[in-house]
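The first chain written gets the first letter, and so on, giving A, B and C; residue counts start at 1 in each chain.
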Amino acid sequence: MTRTAPSDTKTVSDLDYAAIIQFYAGHIQLLDAGRAEEWAEQFTEDGVFAQNAKPGVKHGRAAIAAGMRKGIDALAERGLTRRHWFGMVTAEPAGPDVVRTRYYAVVFETPKGGEPRLYLSTTAEDVLERRDGNWLVRSRYISHDGAETITGIEAVAGAGA
Amino acid sequence: MTRTAPSDTKTVSDLDYAAIIQFYAGHIQLLDAGRAEEWAEQFTEDGVFAQNAKPGVKHGRAAIAAGMRKGIDALAERGLTRRHWFGMVTAEPAGPDVVRTRYYAVVFETPKGGEPRLYLSTTAEDVLERRDGNWLVRSRYISHDGAETITGIEAVAGAGA
Amino acid sequence: MTRTAPSDTKTVSDLDYAAIIQFYAGHIQLLDAGRAEEWAEQFTEDGVFAQNAKPGVKHGRAAIAAGMRKGIDALAERGLTRRHWFGMVTAEPAGPDVVRTRYYAVVFETPKGGEPRLYLSTTAEDVLERRDGNWLVRSRYISHDGAETITGIEAVAGAGA
(Lines give C-alpha, C1' and ligand atoms only; values in the text may rest on other atoms or scores of the structure.)
Protein backbone atom coordinates (compact mmCIF):
# COMPACT_ATOMS: atom_id res chain seq x y z
CA MET A 1 0.00 0.00 0.00
CA THR A 2 2.89 2.38 0.61
CA ARG A 3 6.08 3.38 -1.13
CA THR A 4 8.84 5.82 -0.43
CA ALA A 5 8.92 8.92 -2.60
CA PRO A 6 11.97 11.17 -2.93
CA SER A 7 10.60 13.36 -0.19
CA ASP A 8 9.80 10.33 1.95
CA THR A 9 6.10 10.83 1.43
CA LYS A 10 3.96 7.73 1.82
CA THR A 11 0.96 7.39 -0.42
CA VAL A 12 -2.14 5.21 -0.54
CA SER A 13 -2.98 2.93 -3.47
CA ASP A 14 -4.26 4.56 -6.63
CA LEU A 15 -7.71 3.03 -6.05
CA ASP A 16 -7.90 4.21 -2.45
CA TYR A 17 -6.85 7.65 -3.61
CA ALA A 18 -9.70 7.81 -6.12
CA ALA A 19 -12.11 6.59 -3.42
CA ILE A 20 -11.03 9.31 -1.00
CA ILE A 21 -11.42 12.04 -3.63
CA GLN A 22 -14.90 10.73 -4.42
CA PHE A 23 -15.77 10.67 -0.73
CA TYR A 24 -14.70 14.27 -0.23
CA ALA A 25 -16.79 15.45 -3.19
CA GLY A 26 -20.00 14.03 -1.75
CA HIS A 27 -19.06 15.13 1.74
CA ILE A 28 -18.56 18.74 0.74
CA GLN A 29 -21.68 18.85 -1.40
CA LEU A 30 -23.72 17.86 1.65
CA LEU A 31 -22.22 20.76 3.57
CA ASP A 32 -22.82 23.39 0.88
CA ALA A 33 -26.36 22.11 0.35
CA GLY A 34 -27.04 23.03 3.97
CA ARG A 35 -27.41 19.39 5.04
CA ALA A 36 -25.29 19.85 8.17
CA GLU A 37 -26.72 16.85 10.00
CA GLU A 38 -26.04 14.38 7.16
CA TRP A 39 -22.61 15.93 6.71
CA ALA A 40 -21.88 15.36 10.40
CA GLU A 41 -22.98 11.72 10.03
CA GLN A 42 -19.84 11.30 7.92
CA PHE A 43 -17.76 11.85 11.04
CA THR A 44 -17.26 8.94 13.45
CA GLU A 45 -19.55 8.96 16.49
CA ASP A 46 -16.74 10.44 18.56
CA GLY A 47 -15.26 12.56 15.75
CA VAL A 48 -13.58 15.87 16.53
CA PHE A 49 -13.44 19.13 14.60
CA ALA A 50 -11.37 22.25 15.26
CA GLN A 51 -10.04 25.32 13.46
CA ASN A 52 -6.95 27.38 14.17
CA ALA A 53 -8.87 30.67 13.98
CA LYS A 54 -11.64 29.69 16.41
CA PRO A 55 -11.63 28.71 20.06
CA GLY A 56 -12.66 25.25 21.20
CA VAL A 57 -13.08 21.79 19.76
CA LYS A 58 -16.32 20.14 18.70
CA HIS A 59 -16.65 16.58 20.01
CA GLY A 60 -19.11 14.11 18.47
CA ARG A 61 -21.58 14.28 15.62
CA ALA A 62 -24.25 16.26 17.49
CA ALA A 63 -21.87 19.06 18.44
CA ILE A 64 -20.30 19.13 14.98
CA ALA A 65 -23.71 19.27 13.31
CA ALA A 66 -25.01 21.96 15.67
CA GLY A 67 -22.02 24.21 15.10
CA MET A 68 -22.31 23.92 11.34
CA ARG A 69 -26.11 24.33 11.38
CA LYS A 70 -25.69 27.69 13.10
CA GLY A 71 -23.23 28.88 10.47
CA ILE A 72 -25.36 27.64 7.57
CA ASP A 73 -28.53 29.31 8.85
CA ALA A 74 -26.69 32.62 9.33
CA LEU A 75 -25.44 32.47 5.73
CA ALA A 76 -28.90 31.71 4.39
CA GLU A 77 -30.31 34.74 6.19
CA ARG A 78 -27.69 36.91 4.51
CA GLY A 79 -28.47 35.42 1.08
CA LEU A 80 -24.96 34.05 0.62
CA THR A 81 -24.02 30.90 -1.28
CA ARG A 82 -20.73 29.30 -0.27
CA ARG A 83 -18.89 26.57 -2.16
CA HIS A 84 -16.09 24.70 -0.46
CA TRP A 85 -13.45 23.21 -2.73
CA PHE A 86 -11.06 20.59 -1.38
CA GLY A 87 -7.94 19.98 -3.45
CA MET A 88 -4.29 18.93 -3.53
CA VAL A 89 -5.15 16.00 -1.26
CA THR A 90 -2.26 13.93 0.05
CA ALA A 91 -3.11 10.64 1.75
CA GLU A 92 -0.84 8.56 3.95
CA PRO A 93 -1.70 5.16 5.48
CA ALA A 94 -1.90 5.35 9.27
CA GLY A 95 -3.10 1.86 10.16
CA PRO A 96 -5.50 -0.74 8.73
CA ASP A 97 -8.29 1.22 7.03
CA VAL A 98 -7.02 4.46 8.55
CA VAL A 99 -5.62 7.25 6.41
CA ARG A 100 -4.18 10.61 7.31
CA THR A 101 -4.92 13.29 4.68
CA ARG A 102 -3.67 16.83 4.22
CA TYR A 103 -5.30 19.12 1.71
CA TYR A 104 -6.13 22.66 0.69
CA ALA A 105 -9.62 24.06 0.95
CA VAL A 106 -10.91 27.33 -0.44
CA VAL A 107 -14.35 28.86 -0.14
CA PHE A 108 -16.01 30.87 -2.90
CA GLU A 109 -18.92 33.05 -1.86
CA THR A 110 -21.65 34.58 -4.01
CA PRO A 111 -24.33 36.99 -2.74
CA LYS A 112 -27.81 36.92 -4.23
CA GLY A 113 -27.64 38.88 -7.47
CA GLY A 114 -23.98 39.70 -6.96
CA GLU A 115 -20.42 38.80 -7.92
CA PRO A 116 -18.51 35.80 -6.54
CA ARG A 117 -15.43 36.28 -4.42
CA LEU A 118 -12.72 34.18 -2.81
CA TYR A 119 -13.75 34.15 0.82
CA LEU A 120 -11.14 31.92 2.45
CA SER A 121 -7.99 29.88 1.79
CA THR A 122 -7.05 27.12 4.21
CA THR A 123 -5.14 23.89 4.71
CA ALA A 124 -6.73 20.96 6.52
CA GLU A 125 -5.68 17.70 8.11
CA ASP A 126 -8.04 14.77 8.54
CA VAL A 127 -7.80 11.30 9.97
CA LEU A 128 -10.17 9.10 7.97
CA GLU A 129 -11.41 5.63 8.78
CA ARG A 130 -12.96 3.17 6.33
CA ARG A 131 -15.82 1.14 7.76
CA ASP A 132 -17.77 -1.30 5.55
CA GLY A 133 -16.43 0.44 2.47
CA ASN A 134 -17.49 3.91 3.60
CA TRP A 135 -15.16 6.65 4.74
CA LEU A 136 -15.71 8.49 7.98
CA VAL A 137 -13.84 11.45 9.48
CA ARG A 138 -12.26 10.77 12.87
CA SER A 139 -10.73 14.19 13.16
CA ARG A 140 -10.45 17.38 11.15
CA TYR A 141 -8.27 20.38 11.81
CA ILE A 142 -8.58 23.42 9.57
CA SER A 143 -5.93 26.11 9.45
CA HIS A 144 -6.99 29.44 7.90
CA ASP A 145 -4.20 31.05 5.90
CA GLY A 146 -3.07 34.36 7.37
CA ALA A 147 -4.85 33.85 10.70
CA GLU A 148 -3.50 33.74 14.23
CA THR A 149 -3.67 30.28 15.81
CA ILE A 150 -6.07 30.26 18.74
CA THR A 151 -6.60 26.48 18.76
CA GLY A 152 -3.60 24.32 17.86
CA ILE A 153 -3.69 21.00 16.02
CA GLU A 154 -2.81 19.18 19.25
CA ALA A 155 -6.43 19.82 20.26
CA VAL A 156 -7.58 17.07 17.88
CA ALA A 157 -4.53 14.82 18.12
CA GLY A 158 -6.13 12.38 20.54
CA ALA A 159 -8.51 11.26 17.81
CA GLY A 160 -5.65 10.57 15.38
CA ALA A 161 -4.18 7.21 14.51
CA MET B 1 -20.84 -0.79 -8.79
CA THR B 2 -22.85 0.98 -6.09
CA ARG B 3 -22.91 1.07 -2.33
CA THR B 4 -24.93 2.91 0.26
CA ALA B 5 -23.12 5.70 2.08
CA PRO B 6 -24.36 7.23 5.36
CA SER B 7 -26.15 9.90 3.37
CA ASP B 8 -27.55 7.33 0.98
CA THR B 9 -25.28 8.58 -1.79
CA LYS B 10 -24.47 6.09 -4.50
CA THR B 11 -21.04 6.19 -6.05
CA VAL B 12 -19.36 4.73 -9.12
CA SER B 13 -16.34 2.43 -8.95
CA ASP B 14 -12.99 4.01 -8.13
CA LEU B 15 -11.77 3.31 -11.68
CA ASP B 16 -14.85 4.85 -13.28
CA TYR B 17 -14.43 7.86 -11.03
CA ALA B 18 -10.85 8.41 -12.19
CA ALA B 19 -11.99 7.98 -15.80
CA ILE B 20 -14.70 10.63 -15.44
CA ILE B 21 -12.30 13.12 -13.85
CA GLN B 22 -9.86 12.53 -16.70
CA PHE B 23 -12.66 13.00 -19.23
CA TYR B 24 -13.71 16.31 -17.73
CA ALA B 25 -10.13 17.64 -17.80
CA GLY B 26 -9.78 17.09 -21.54
CA HIS B 27 -13.32 18.27 -22.16
CA ILE B 28 -12.78 21.58 -20.42
CA GLN B 29 -9.39 22.17 -22.00
CA LEU B 30 -11.03 21.93 -25.43
CA LEU B 31 -13.50 24.60 -24.41
CA ASP B 32 -10.96 27.05 -23.02
CA ALA B 33 -8.72 26.51 -26.04
CA GLY B 34 -11.57 27.88 -28.14
CA ARG B 35 -12.21 24.53 -29.83
CA ALA B 36 -15.98 24.80 -29.43
CA GLU B 37 -16.80 22.36 -32.22
CA GLU B 38 -14.60 19.55 -30.83
CA TRP B 39 -15.94 20.27 -27.37
CA ALA B 40 -19.49 19.91 -28.67
CA GLU B 41 -18.54 16.56 -30.27
CA GLN B 42 -18.22 15.28 -26.70
CA PHE B 43 -21.98 15.65 -26.33
CA THR B 44 -24.24 12.94 -27.74
CA GLU B 45 -25.77 13.73 -31.15
CA ASP B 46 -29.00 14.76 -29.41
CA GLY B 47 -27.31 16.23 -26.32
CA VAL B 48 -28.90 19.15 -24.51
CA PHE B 49 -27.39 22.11 -22.68
CA ALA B 50 -29.06 24.75 -20.52
CA GLN B 51 -28.22 27.28 -17.82
CA ASN B 52 -30.41 28.67 -15.06
CA ALA B 53 -29.40 32.27 -15.82
CA LYS B 54 -30.14 32.16 -19.55
CA PRO B 55 -33.31 31.53 -21.53
CA GLY B 56 -33.68 28.51 -23.77
CA VAL B 57 -32.14 25.09 -24.25
CA LYS B 58 -29.58 24.10 -26.88
CA HIS B 59 -30.47 20.84 -28.62
CA GLY B 60 -27.84 18.83 -30.51
CA ARG B 61 -24.15 19.26 -31.20
CA ALA B 62 -24.52 21.94 -33.88
CA ALA B 63 -26.60 24.24 -31.68
CA ILE B 64 -24.35 23.64 -28.66
CA ALA B 65 -21.23 24.37 -30.71
CA ALA B 66 -22.72 27.48 -32.32
CA GLY B 67 -23.75 28.97 -28.99
CA MET B 68 -20.32 28.39 -27.50
CA ARG B 69 -18.52 29.62 -30.63
CA LYS B 70 -20.30 32.95 -30.30
CA GLY B 71 -19.23 33.35 -26.69
CA ILE B 72 -15.63 32.33 -27.39
CA ASP B 73 -15.26 34.76 -30.28
CA ALA B 74 -16.66 37.60 -28.19
CA LEU B 75 -14.12 36.87 -25.42
CA ALA B 76 -11.25 36.77 -27.88
CA GLU B 77 -12.22 40.18 -29.22
CA ARG B 78 -12.10 41.56 -25.68
CA GLY B 79 -8.67 39.98 -25.04
CA LEU B 80 -9.96 37.84 -22.17
CA THR B 81 -8.68 34.39 -21.22
CA ARG B 82 -11.13 32.24 -19.29
CA ARG B 83 -10.31 29.00 -17.47
CA HIS B 84 -13.11 26.72 -16.36
CA TRP B 85 -12.38 24.48 -13.39
CA PHE B 86 -14.67 21.55 -12.62
CA GLY B 87 -14.36 20.08 -9.15
CA MET B 88 -16.05 18.26 -6.27
CA VAL B 89 -17.56 15.81 -8.78
CA THR B 90 -20.05 13.29 -7.46
CA ALA B 91 -21.01 10.44 -9.76
CA GLU B 92 -23.99 8.14 -9.41
CA PRO B 93 -24.80 5.15 -11.66
CA ALA B 94 -28.01 5.71 -13.62
CA GLY B 95 -28.12 2.65 -15.86
CA PRO B 96 -25.63 0.53 -17.82
CA ASP B 97 -22.84 2.89 -18.91
CA VAL B 98 -24.88 5.90 -17.81
CA VAL B 99 -23.77 8.10 -14.93
CA ARG B 100 -25.35 11.16 -13.37
CA THR B 101 -22.77 13.68 -12.08
CA ARG B 102 -23.06 16.80 -9.99
CA TYR B 103 -20.14 19.14 -9.61
CA TYR B 104 -18.94 22.67 -8.98
CA ALA B 105 -17.50 24.82 -11.73
CA VAL B 106 -15.74 28.14 -11.38
CA VAL B 107 -14.37 30.41 -14.07
CA PHE B 108 -11.20 32.47 -13.67
CA GLU B 109 -10.75 35.32 -16.12
CA THR B 110 -7.57 37.21 -17.02
CA PRO B 111 -7.43 40.25 -19.32
CA LYS B 112 -4.42 40.79 -21.57
CA GLY B 113 -1.72 42.37 -19.40
CA GLY B 114 -4.00 42.41 -16.36
CA GLU B 115 -4.88 40.66 -13.12
CA PRO B 116 -6.93 37.46 -12.87
CA ARG B 117 -10.31 37.46 -11.19
CA LEU B 118 -12.97 34.99 -10.17
CA TYR B 119 -15.64 35.50 -12.80
CA LEU B 120 -18.28 32.92 -11.90
CA SER B 121 -19.18 30.19 -9.40
CA THR B 122 -21.68 27.52 -10.42
CA THR B 123 -22.96 24.03 -9.80
CA ALA B 124 -23.69 21.69 -12.69
CA GLU B 125 -25.49 18.44 -13.35
CA ASP B 126 -24.64 16.14 -16.23
CA VAL B 127 -25.91 12.86 -17.54
CA LEU B 128 -22.94 11.04 -19.08
CA GLU B 129 -22.95 8.02 -21.35
CA ARG B 130 -20.00 5.73 -22.04
CA ARG B 131 -19.78 4.53 -25.63
CA ASP B 132 -16.83 2.38 -26.78
CA GLY B 133 -14.84 3.49 -23.76
CA ASN B 134 -15.41 7.20 -24.38
CA TRP B 135 -17.61 9.45 -22.31
CA LEU B 136 -20.23 11.66 -23.91
CA VAL B 137 -22.52 14.27 -22.36
CA ARG B 138 -26.22 13.58 -22.83
CA SER B 139 -27.31 16.60 -20.88
CA ARG B 140 -25.78 19.45 -18.92
CA TYR B 141 -27.53 21.94 -16.69
CA ILE B 142 -25.50 24.77 -15.15
CA SER B 143 -26.77 26.78 -12.22
CA HIS B 144 -25.00 30.11 -11.61
CA ASP B 145 -24.66 30.88 -7.90
CA GLY B 146 -26.58 33.97 -6.86
CA ALA B 147 -28.61 34.18 -10.10
CA GLU B 148 -32.34 34.11 -10.69
CA THR B 149 -33.54 30.93 -12.41
CA ILE B 150 -34.92 31.71 -15.84
CA THR B 151 -34.57 28.15 -17.18
CA GLY B 152 -35.19 25.30 -14.73
CA ILE B 153 -33.44 21.93 -14.72
CA GLU B 154 -36.65 20.27 -15.94
CA ALA B 155 -35.77 21.77 -19.34
CA VAL B 156 -33.06 19.13 -19.80
CA ALA B 157 -34.70 16.31 -17.87
CA GLY B 158 -35.95 14.50 -20.95
CA ALA B 159 -32.38 13.68 -21.91
CA GLY B 160 -31.64 12.12 -18.51
CA ALA B 161 -31.58 8.46 -17.65
CA MET C 1 -2.92 2.31 -22.32
CA THR C 2 -4.33 4.68 -24.95
CA ARG C 3 -7.58 5.10 -26.79
CA THR C 4 -8.91 7.54 -29.31
CA ALA C 5 -11.45 10.05 -28.03
CA PRO C 6 -13.71 12.12 -30.29
CA SER C 7 -11.15 14.90 -30.17
CA ASP C 8 -8.31 12.47 -30.78
CA THR C 9 -7.05 12.92 -27.22
CA LYS C 10 -4.98 10.08 -25.84
CA THR C 11 -5.32 9.30 -22.17
CA VAL C 12 -3.43 7.22 -19.62
CA SER C 13 -5.00 4.33 -17.70
CA ASP C 14 -7.40 5.22 -14.91
CA LEU C 15 -4.88 3.95 -12.32
CA ASP C 16 -2.01 5.96 -13.77
CA TYR C 17 -4.26 9.01 -13.82
CA ALA C 18 -5.02 8.65 -10.10
CA ALA C 19 -1.29 8.16 -9.42
CA ILE C 20 -0.38 11.35 -11.28
CA ILE C 21 -2.98 13.40 -9.43
CA GLN C 22 -1.68 12.02 -6.14
CA PHE C 23 1.90 12.85 -7.16
CA TYR C 24 1.01 16.44 -7.99
CA ALA C 25 -0.72 16.94 -4.63
CA GLY C 26 2.38 15.99 -2.66
CA HIS C 27 4.62 17.86 -5.06
CA ILE C 28 2.75 21.12 -4.69
CA GLN C 29 2.44 20.81 -0.92
CA LEU C 30 6.25 20.62 -0.70
CA LEU C 31 6.49 23.84 -2.65
CA ASP C 32 3.95 25.79 -0.61
CA ALA C 33 5.52 24.52 2.63
CA GLY C 34 8.70 26.28 1.56
CA ARG C 35 10.57 23.00 1.02
CA ALA C 36 12.07 24.13 -2.30
CA GLU C 37 14.96 21.67 -2.21
CA GLU C 38 12.76 18.59 -1.67
CA TRP C 39 10.37 19.90 -4.29
CA ALA C 40 13.26 20.20 -6.76
CA GLU C 41 14.28 16.60 -5.95
CA GLN C 42 11.05 15.60 -7.72
CA PHE C 43 12.54 16.81 -10.99
CA THR C 44 14.97 14.54 -12.85
CA GLU C 45 18.66 15.34 -12.31
CA ASP C 46 18.70 17.19 -15.64
CA GLY C 47 15.16 18.55 -15.35
CA VAL C 48 14.26 21.90 -16.89
CA PHE C 49 11.85 24.62 -15.81
CA ALA C 50 10.71 27.74 -17.62
CA GLN C 51 7.88 30.25 -17.64
CA ASN C 52 6.52 32.35 -20.47
CA ALA C 53 6.58 35.56 -18.42
CA LYS C 54 10.19 35.26 -17.26
CA PRO C 55 13.49 35.17 -19.12
CA GLY C 56 15.71 32.10 -19.07
CA VAL C 57 15.45 28.40 -18.34
CA LYS C 58 16.50 26.63 -15.16
CA HIS C 59 18.56 23.48 -15.83
CA GLY C 60 18.98 20.80 -13.18
CA ARG C 61 17.77 20.36 -9.62
CA ALA C 62 20.21 22.79 -8.02
CA ALA C 63 19.24 25.68 -10.29
CA ILE C 64 15.53 24.88 -10.00
CA ALA C 65 15.76 24.73 -6.20
CA ALA C 66 17.81 27.92 -5.96
CA GLY C 67 15.37 29.89 -8.08
CA MET C 68 12.40 28.72 -6.03
CA ARG C 69 14.21 29.25 -2.72
CA LYS C 70 14.71 32.90 -3.60
CA GLY C 71 11.03 33.37 -4.36
CA ILE C 72 9.90 31.55 -1.22
CA ASP C 73 12.16 33.56 1.07
CA ALA C 74 10.96 36.83 -0.47
CA LEU C 75 7.33 35.82 0.17
CA ALA C 76 8.07 34.86 3.76
CA GLU C 77 9.62 38.26 4.39
CA ARG C 78 6.46 39.90 3.10
CA GLY C 79 4.26 37.69 5.31
CA LEU C 80 2.44 36.15 2.36
CA THR C 81 1.07 32.61 2.18
CA ARG C 82 0.66 31.22 -1.32
CA ARG C 83 -1.24 28.06 -2.29
CA HIS C 84 -0.78 26.56 -5.71
CA TRP C 85 -3.66 24.51 -7.05
CA PHE C 86 -3.12 22.22 -10.02
CA GLY C 87 -6.26 21.04 -11.80
CA MET C 88 -7.89 19.92 -15.03
CA VAL C 89 -4.91 17.63 -15.66
CA THR C 90 -4.78 15.84 -19.00
CA ALA C 91 -2.20 13.06 -19.38
CA GLU C 92 -1.00 11.51 -22.60
CA PRO C 93 1.44 8.58 -22.91
CA ALA C 94 4.71 9.66 -24.53
CA GLY C 95 6.80 6.51 -24.24
CA PRO C 96 7.34 3.72 -21.70
CA ASP C 97 6.84 5.30 -18.28
CA VAL C 98 6.81 8.76 -19.82
CA VAL C 99 3.70 10.93 -19.76
CA ARG C 100 3.02 14.37 -21.13
CA THR C 101 0.58 16.38 -18.97
CA ARG C 102 -1.19 19.67 -19.50
CA TYR C 103 -3.02 21.35 -16.67
CA TYR C 104 -4.24 24.57 -15.13
CA ALA C 105 -2.61 26.10 -12.08
CA VAL C 106 -3.87 28.98 -9.99
CA VAL C 107 -2.26 30.64 -7.00
CA PHE C 108 -4.22 31.98 -4.04
CA GLU C 109 -2.38 34.42 -1.81
CA THR C 110 -3.20 35.49 1.76
CA PRO C 111 -1.35 38.21 3.70
CA LYS C 112 -0.87 37.86 7.44
CA GLY C 113 -4.11 39.00 9.04
CA GLY C 114 -5.67 39.82 5.67
CA GLU C 115 -8.03 38.62 2.95
CA PRO C 116 -7.14 35.98 0.35
CA ARG C 117 -6.94 36.87 -3.31
CA LEU C 118 -6.47 35.14 -6.63
CA TYR C 119 -2.88 35.98 -7.49
CA LEU C 120 -2.31 34.12 -10.76
CA SER C 121 -3.98 31.90 -13.37
CA THR C 122 -1.78 29.75 -15.62
CA THR C 123 -1.59 26.70 -17.81
CA ALA C 124 1.34 24.32 -17.57
CA GLU C 125 2.88 21.49 -19.55
CA ASP C 126 5.05 18.81 -17.97
CA VAL C 127 6.90 15.77 -19.19
CA LEU C 128 6.83 13.22 -16.36
CA GLU C 129 8.89 10.07 -15.99
CA ARG C 130 8.10 7.14 -13.69
CA ARG C 131 11.16 5.58 -12.07
CA ASP C 132 10.76 2.73 -9.53
CA GLY C 133 7.13 3.69 -9.05
CA ASN C 134 7.86 7.35 -8.36
CA TRP C 135 7.08 10.20 -10.68
CA LEU C 136 9.70 12.78 -11.61
CA VAL C 137 9.39 15.96 -13.68
CA ARG C 138 11.63 16.04 -16.74
CA SER C 139 10.40 19.41 -17.90
CA ARG C 140 7.86 22.02 -16.89
CA TYR C 141 6.70 25.03 -18.83
CA ILE C 142 4.29 27.46 -17.21
CA SER C 143 2.31 29.98 -19.21
CA HIS C 144 0.80 32.87 -17.25
CA ASP C 145 -2.61 33.90 -18.56
CA GLY C 146 -2.65 37.42 -19.93
CA ALA C 147 1.16 37.76 -20.04
CA GLU C 148 3.50 38.45 -22.93
CA THR C 149 5.66 35.46 -23.86
CA ILE C 150 9.32 36.20 -23.19
CA THR C 151 10.41 32.54 -23.08
CA GLY C 152 8.65 30.15 -25.45
CA ILE C 153 7.87 26.49 -24.80
CA GLU C 154 10.55 25.46 -27.28
CA ALA C 155 13.04 26.42 -24.55
CA VAL C 156 12.18 23.22 -22.67
CA ALA C 157 11.36 21.01 -25.65
CA GLY C 158 14.72 19.22 -25.63
CA ALA C 159 13.82 17.57 -22.35
CA GLY C 160 10.55 16.20 -23.75
CA ALA C 161 9.90 12.69 -24.96
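Criterion: contacts are C-beta pairs under 8 Å (C-beta built on N, C-alpha and C of every residue); 3 or more make two chains touch, one makes a residue touch a chain.
Remember, predicted model here, so these are calculated numbers, not experimental data.
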Interface residue overlap between copies subunit B and subunit C, same or different (over half shared): different
Equivalent-chain rotation between subunit C and subunit A, CA atoms, steps of 5 degrees: 120
Averaged-CA centre spacing for the pair subunit C and subunit B, given as whole angstrom: 26
In subunit A, residues with contacts to at least two other chains: 14-15, 18, 21, 87, 118
Complex contact set, residues of subunit C against subunit A: 14-16, 18-19, 21-26, 28-30, 35, 38-39, 41-42, 81, 83-87, 108, 110-118, 133-134, 136
Interface residues, subunit B side, partner subunit A - complex: 3, 5-7, 9, 11-12, 14-15, 17-18, 21, 87-91, 102-104, 106, 118-121, 123, 145-148
